[in-house]
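Presented below are the structures under discussion, each in the form of structure tokens.
Below, chain A partners chain B and then partners chain C, in two separate complexes.
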Partner chain A sequence: MTAAAEPVVCFKRFSYRYPNTDFYALKDINLTLPKGSFIGFTGPTGAGKTTLIKSINGIIPHVEGGACSGQVLLKGCPTGNLSTAEIGRLVGTVLDDPEAQIICLDVEQELVFGLENYGVPPDEMEQRITTALSSVGISHLRHRSTRSLSGGQKQRLAIAAALALLPEVLVLDEPTSELDPLGTEEVFTVLKQLNVKHGITVLVAEQKTELLARHCDQLVILSQGEVALAGTPREVFKHKSIYHLGVALPQVTELALRLNGGRCHLPITLEEGIEFCRALVPGGGGKLCNRSLT
Partner chain B sequence: MQPLIDIKGLSYSYEQGQPALQDINLTIYPGELVALVGQNGAGKTTLVKHCIGLLRPQTGRVTVCGQDAAKTRISHLARQVGFVFQNPDHQIFHDTVQKEVAFGLQNLGLPRDEIEKRVAAALRDVGLQHLAQVYPHRLSRGQRQRVALASVLAMQTRIIILDEPTTGQDSLERLQIMELVRDLNREGHTILFITHDMTLVARYARRVIVLCQGRVIADGSTRDVLSQTQLLAQTLLEPPQITLLANRLNGLLTPGSEVILTVDEMVEHLHKVNGGSIDGPCD
Partner chain C sequence: MARVIEYVYRESVVHSLNPLSKLAWALGVMFLALAFNNVYYLLTLLSTVVAVALLGKVLKDLATVFKGLTVFAGILVLLQVIFFQGEEVLFYLLPGHILPVTGEALYMGLAMAVRMMAVVLSFIIFLATTQYKDIILVLTEKLKLPYDYVFMFMTALRFVPTFMAEAVQVRYAQQVRGCPVDSGNPLQKIKAYATVALPLVLISLKKAERLAIAMETRGYGSGIRTYYKEPAITKLDMMVILSTLIFIVLALFLRMQGYGVVQL
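Moving on to the complex of A and B:
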């Protein structure tokens, strides 16, 4: 990937096997994730997305056990040599099931919990809590009981709790799986802001490729524990093997591939899809191509 | 035709006082395949919980298969209505997939060979037959979701309600689950599914009910409802990307402003507009 920025996370020939299993959940992963990047991980269930995320935040090897070979480096230091507390200061985590992550009775306490653990002074807490809640749009829920929140609200709370700790890297495992479409949009907008304004590296496992197409610098497709494809979203979507990898393309991309097999500047967003269709139609305002494609 | 689910004047508030449902009137008939959509907190789950007796109406009346849901025992309702929870971990508690799926059937008092037959068939339907002896919490979220689905399928209820059945599934699994749902519907099951995935709504639902802040703001055929972009935005929903694309191109591509629901329809439409030949743009 981009050579200019220093890598914040680096996988070197990393393989991992869960305890009591005889197959590798990750096989010989080599990835360099530059600081400040926004990278999407996708692929079918069981491809290793969650395992990859857990290898970045230190759950593997510190908590899960199992066997690994190779290394995961955080800012040059192998995760095996760092404590989970040290990793936690660098990497914020949002799990796919917010209920597995939320432990406090009310929303405010949930944010305070992490801050107290890291010894953040009380007068700094207020600012962090307010910012974190408002950046995910749940300021009004500050004094609500966590049990009374809807699935989507819990998902936002889990993100806010990670944000309050001001991580350099945010790893998220399908953070929008229970959100409505505009809620999903909001979360990605928040992630993009954190990425662009604050330089936070965002690493997100996500199935919604229409979102990934718009927001990611790089897309990594995992399949059966291996990196199957990596590159910009457009490069990846153009690849022929994409159809066999269980990845749903953005509908505009699928449309273009169906119409001319991708022998064009492949549209990956709605706006690009509109341009693409205009160019198809005589008098549509786009540049016409006279080659007839089947 | 006698409705299977009949909801009249239903209102409900949780302890916080904010009404979660306000004056809901809905009728679901046998054989329907209905999507229930709306933003987080719109009241979707609260509404369906009234159909299985997990919540009792504070105001109004819910009738399921002719019985007043407020007065019918949950175990009786469970024979009529199967419910797949949004979070499979709220539902899974046994130590093997096989036992999990068999649990409801044992409660029905079915003979052992019938139970075995139904469990095997349900696991085959969701593609988990090879994992029957596995500890469910060793499975991925997507697989656990299918375990929960299998345990409801095995009950062979007339009505099946699914709360976000495709959460945590990849694109192929999502389609597999929805194909299965459509097959069940064709075999005569009445289906109500909650989802945020408008692509799936467009492709599979025949009727769409839209909830917004505890009220029904639209109820109609999928094509009608998905054509109302403004109305959907009220409850933070958006039609599928291909529908938006077609809307934005209206006037350019159309004779007639057809509502496009799927990529297939769009391909066909573009061919029609171009008189059968598509010239792709190139760099």
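Moving on to the complex of A and C:
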């Protein structure tokens, strides 16, 4: 992957087995995730996405039992040697279920929870709360009760709560699985902004490849606990074996592949899809497409 | 039932008081209630508790609680009537001189019922007018109780409404599968409730695990804590605490003199 940026998370021959099971949920993972990147993990259910996320934020091996071999390095330090609290300073976590990760009764308190745990001075908290809330665009919800929020708002609150701790890495486990299309869009827009503006490394496990194609620099496809494919979304989607991995391609990509077998510049986003279609229509076919865009 | 012990947001003097003074007041009410068994004394105490609820603008919200407590109070009176052997028989519950109702039993039952209501209501008012975070703060920082236990207790309270909502969900899910949850005789009902209870327990365990993960990743138990906003102790708070103390001392004194106690 990108040679210039230093690695922030590094898997070295990492394997993991959940307690009371015989098969490995992760098998011999070798990955280097550079700082400041936006990386998507995808694959069918049971491929090991959640397990991978949990091994980055230290839930594995600290909270879940089980057996692991190899190492996960956070900025060069093995997760096994750090406590979950120490890992929490570096890695912010957002889970899939917006209900289950909200601990407190009101928005402000939810953000304060982490800050109080880490003993942040009260004077500094105010500043951090305001910044975190505004960077996910929910400043107006500050004094609301968490129960009255919508799914998308709850998920953005979960992101804000993680951001308040100023992490360098944000890991998200299917953050949009319980959200409607609008909420999904909200969450990914926020993630992209955080990545671009604040340089936070975003690692997201997600089923919706269309979203990943649009936002990610790198895409990792997991299959049965192993890294099946890795690279930029375009490289990955071009790969022939992708059809056997149980990953749904973005529809525009699928269209191009079926039409001419990927001999052209492969479209992966809607905009590129439109360009692709235009090229097919004699005379540019401009008007129709323009209307559908606006 | 769902809104038994929830914080109710209102602008009131009671809400703005420091949790510490509200806690002192609730404990004071408990002390006074236990000190006397004269129904008139206890009724006075109960009416002051109701007055505080009125002052805190939460009386309406506590209406359901009040109803439930009245039923419970009725049961208390009935139990006294059945089990307390008095001399002055007023009337009989059943024809043929079975189950005599004595004046003493009735009096004692009433005293007990009013006492219970005053104590329970005072604590419910405390919970309804104080935010959980402030309760946690006061219990850990001022009263030096261990944070883990306080947090555990308060989180348990906070999840009661969620738990209730989940119970309803599970019941519906079982009903649409043809499981008779709300029919039949009481024995069948109890049996049928097992089909609700088991999934509910499993769901809660799962939820607890997830919550633990969420807490863990946000640095729970990482060392020295700080607090965002500590509620200040105002002059009013000092007055409340002081007057609670005065009342307790006064009650002790009266009790020694033999006031407010009815010998049965």
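By our rule, the second predicted complex is superposed on the first by the 283 of 294 C-alpha atoms of A that agree within 3 Å, B and C clash if a C-alpha of one lies under 4 Å from a C-alpha of the other, contacts with A are read in each partner's own complex, and residues count from 1 in each chain.
Note that contacts are C-beta pairs under 8 Å (C-beta built on N, C-alpha and C of every residue); 3 or more make two chains touch, one makes a residue touch a chain.
Note that the structure is predicted; figures quoted are calculated from it, not measured.
Peer 1: Identify the partner contact of A:C264: answer first if only chain B is touched, second if only chain C is, both if each is, neither if none is.
Peer 2: In the superposed model, A:C264 contacts chain B only, not chain C.
Peer 1: Quick check on the superposed pair: does A:P250 touch chain B, chain C, both, or neither? Answer first, second, both or neither.
Peer 2: After superposing on A, A:P250 lies in contact with chain B but is clear of chain C.
Peer 1: Scan A:S148 for contacts with chain B and chain C and give back first, second, both or neither.
Peer 2: In the superposition, A:S148 contacts chain B only.
Peer 1: Counting only touches as set out at the top, which of chain B and chain C does A:G46 meet: first, second, both, neither?
Peer 2: first
Peer 1: In the superposed arrangement, does chain B or chain C reach more residues of chain A?
Peer 2: Of chain B and chain C, B contacts more residues of chain A.
Peer 1: Just to be sure I read the superposition right, which of the two partners does A:Q207 touch: chain B = first, chain C = second, or both, or neither?
Peer 2: In the superposition, A:Q207 touches chain B alone.
Peer 1: Could you look at A:E178 and tell me whether it touches chain B, chain C, both or neither (first, second, both, neither)?
Peer 2: In the superposition, A:E178 touches chain B alone.
Peer 1: Using the touch definition from the top, say if A:G273 reaches chain B (first), chain C (second), both or neither.
Peer 2: The answer is first: A:G273 touches chain B but not chain C.
Peer 1: Mind working out whether A:D97 is in touch with chain B, chain C, both or neither, as first, second, both or neither?
Peer 2: Both partners, chain B and chain C.
Peer 1: Touching chain B in one complex and chain C in the other: list those residues of chain A.
Peer 2: In chain A, positions 97 sit in both the chain B and chain C interfaces.
Peer 1: For the complex, which residues does chain A have touching chain C?
Peer 2: It comes out as residues 57-59, 62-63, 83-89, 91-93, 95, 97, 100-105, 109, 112-122, 125, 161-162, 165.
Peer 1: In the complex of these two chains, what residues of chain C are touching chain A?
Peer 2: Touching chain A from chain C are residues 7, 131-133, 155, 158, 207, 210-229.
Peer 1: If we count contacts the way the header does, which residues on chain A are in touch with chain B in the complex?
Peer 2: 43-47, 50, 96-97, 99, 144, 148, 150-153, 174, 177-184, 207, 210, 246-248, 250-252, 254-256, 258-260, 263-265, 270, 273-274, 276-282, 284-293
Peer 1: Across the complex, what residues on chain B touch chain A?
Peer 2: 14-16, 38-41, 45, 86-87, 89, 140-143, 164, 167-174, 196, 198-199, 233, 235-238, 240-242, 244-245, 248-249, 252-253, 263, 266-267, 270, 273-274, 277-283
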